[in-house]
């Protein structure tokens, strides 16, 4: 897009050369062809050195960049609010949302018993098995597997290469990203020794399902296991990031966030409005109270009743307790010095007597 | 299913309304349409408040729930063993195991050189390349990729969207869940500087394979890399959870468990009967003795000879040693108080003299 | 392959029985049919006990294994450099690299607008959407999804079941392993309360792309999110292992390594030549200076300016500082003993006076 076209869209005034622009980028990261922005005079030096082909600046900004004066292939677009203008520009540069017209791709293998709502898109090489139900306006992208008896709510978007094992229920207006695995068997085995002393390991049948509430988003390659009995439940508006693991019979009440690579072991309950930060791990069969935040890499072995609003470390504790452990060597050095001093004074006292 | 039908199956006696039942759920989680159960009088209050439409209770239980007395749409089924009856009921409510009839789906792309055993099922859009061998009764579900020369043992179940890179060997009666990646290249690079000072990073060819023993189960989206030379080996009856990473040339002897999101770096050996808990990490080129348990989030930098049966923390240590670190601030505060007291007494002594 | 054939290839001399060989393996791991090697007299005992059918030994090695003397089905191949000979043998035993002849598999769904270079291979059930560009000699394996407007550089290899969401750019000579997810939406939500007190959680549109530089390798099931605006950027020659998570707007300058299950949160910059070890976590909006190594399971909450070349622990610190914390209980015990001694001496002093 020409800088002048963009200036017109943004209601801004262009100075300099009418360059071609292809993308947005921060002042430091930008390359030729990029539009960048600056709203704060303290970053003026970066406006001088950026490789961007154009920069959005506030109207009030006095000194023009020297490149502009030099006649380089560079433009300045002056706008009221560079931040907001950049967001608008980003929408113009964004890859267009792929069209997903209603209809079932002829290559898809859809069982005749499947109920498909109005306006549903089913992509190439997707498999939908017996008795599944796909709600109105849902998009089931390419190469997806929807097992027997699954139900997908209206308006839900399933990206390519997702698998929904049999019986999985997904609510309305959900977004399921590539590679998500819903309804895999939970990890459950009985083991012990037979009368003859030999070891056995037996699979415990995983007879339940996964149920996802309305408005849930699930990030790429996340895995959520089916319940042993009943349901693994992800409540409404929960937002799950990439590579998260949710064990069997976990219950996430709703309106919570689980950040990348975190994990929740079997039968644990996460309250409303919780935030589980990246790489945190939560043990099985415990309860996390509403609104609690579990810090990055924290390990939670026991229930949290909400008396601590934020925990960190492993085993999880308050920020203050973790800081005390980190400071232990400094405290020890101090005590050591005091003891040395006491001993010296005692030795001196003994000499004097 | 009608509560009365279920009662007949369970050999139980029904009281109250003959409600329709669709699923199982704990007393607290249950919803209308659910069957719940209680065997312990101390949870009697939950029987009063549960939203379940029916509850399994022991025959001896005297007081019926008040909802029963009130004539609500609610049933009690009295049985000898509510626990066991609930398991039986759960099997009735479970999504039916999808039928996988013998035969190769017409859409599958199977090389003519592939040897397919008796009773094998191959699902839609599955690719099986040259010289692969699929054992009797194996199920290779939809959208699976089986590379050149792979061997899949009899009775093994491969769920949708698994990839087996060339040469991978899977034993008999294994279960491979959705999104598992077997035989990816191990992480191996040579790097350094050329005589002219420029940096190079060269891929080390990964020439070996992955070999999975009999009776192994591998969870969703787990990755196991091919050996640099020889085999990455997962011994018989090993049970691996979701999102686990196994590096090249790792050897897991057998009868071990690796819980979700744990990782084992290259060339490490895990003994028989080990249990690696969630999110634990084990360094490369070390040995974990038979029967050792590595706790959740533990980091093991060195071999474990079995003198500690359970390790935790990073670097991994005994429970006792980790507790001592966690308690350090408390111990320090105590010593500080003692030193303060000593100083006070010394000052007093000096005054007196 | 016959041991004699292999000896001829390796320029070695065979002694003993001309056994059949199928694979390579270490002396301890090897099985019948395996070739092993030993170059160091201190491992001579293992040469006696190995189950391998043949062993590569240095020419100078005097004592032949007793199995050789006993006439067992066993061979010794004497070579100048057993290490190197083993590498050569491993190449002979390696599963053959699957042939990927130029051409588009008839089952692939490729939009007519897609530009496909010379010598490109596109596998079965692969989907390539509108306006994508595939460079000369690239291999796009089976069951891959390439979204609208994606660009894949010349010579790049994409293994089965990878997804590239719309707009993703991959450089030349990259290797993308099975199950990699490029261009998923970053994790970004606005939340708060409406005037009526109800909670809202709104998705922030993720308008940018993922751009992968030349010579990058990405391990199985790794996920890299699209930028909120602009690009998530993985610079040239970066080597990423399995199950790694890279957040939106991350910039990895290049020539760096990210080991398995590590994670980098949004908008963070990783310098040139960094090494992020397994399961490490790096917070968002920080910078890691060129050449810094982040140890396994480390958690980095703040920028690292390069004054520490290696950090470990959580929060990340120097090796020395982590060791001091680990040693705290020992130090405390020592101080406790000293205080006890001081008190005893004071009590004695008081008695004497």
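As written, the chain order gives the labels A, B and C, with residue 1 at the start of each chain.
One rule holds for everything that comes next: a contact is a pair of C-beta atoms (placed from the backbone, for glycine too) under 8 Å apart; a residue touches a chain by one contact, two chains touch by 3 or more.
Quick caveat, the model's predicted, so the values are computed rather than measured.
A.B. asks: Make each chain a node and each touching pair an edge, then name the shape: line, ring, star, complete, other.
C.D. replies: Looks like everything touches everything, fully connected.
A.B. asks: Since chain A and chain B are copies that touch, just let me know if over half of their interface numbering is common to both, same, or not, different.
C.D. replies: Mostly different residues form this interface, as fewer than half of the numbers used are common to both chains.
A.B. asks: Which integer distance in Å separates the CA centroid of chain A from that of chain B?
C.D. replies: Inter-chain centre distance comes to 22 Å.
A.B. asks: Scan chain B for residues touching two or more other chains and write them down.
C.D. replies: Expected reply: 107, 125, 143, 161, 179, 221, 243, 261, 279, 297, 325, 328, 332, 335, 339, 342, 346.
A.B. asks: Over in the complex, which chain B residues touch chain A? Could you list them?
C.D. replies: Interface residues on the chain B side: 23-26, 29-30, 34, 86-87, 90-91, 93-98, 105, 107, 123-125, 141-143, 159-161, 175, 177-179, 215, 217, 219-221, 237, 239, 241-243, 255, 257, 259-261, 273, 278-279, 296-297, 313, 325-326, 328-329, 332, 335-336, 339, 342-343, 346, 350.
A.B. asks: Enumerate the contact residues on chain B facing chain C in the complex.
C.D. replies: 107, 109, 125, 127, 129-130, 143, 145, 147-149, 161, 163, 165-167, 179, 181, 184-185, 187, 189, 199, 201, 203, 205, 207-209, 221, 223, 225, 229-231, 233, 243, 245, 247, 251, 261, 263, 265, 279, 281, 283, 297, 299, 301, 314-315, 317, 321, 324-325, 327-328, 331-332, 335, 338-339, 342, 345-346, 349
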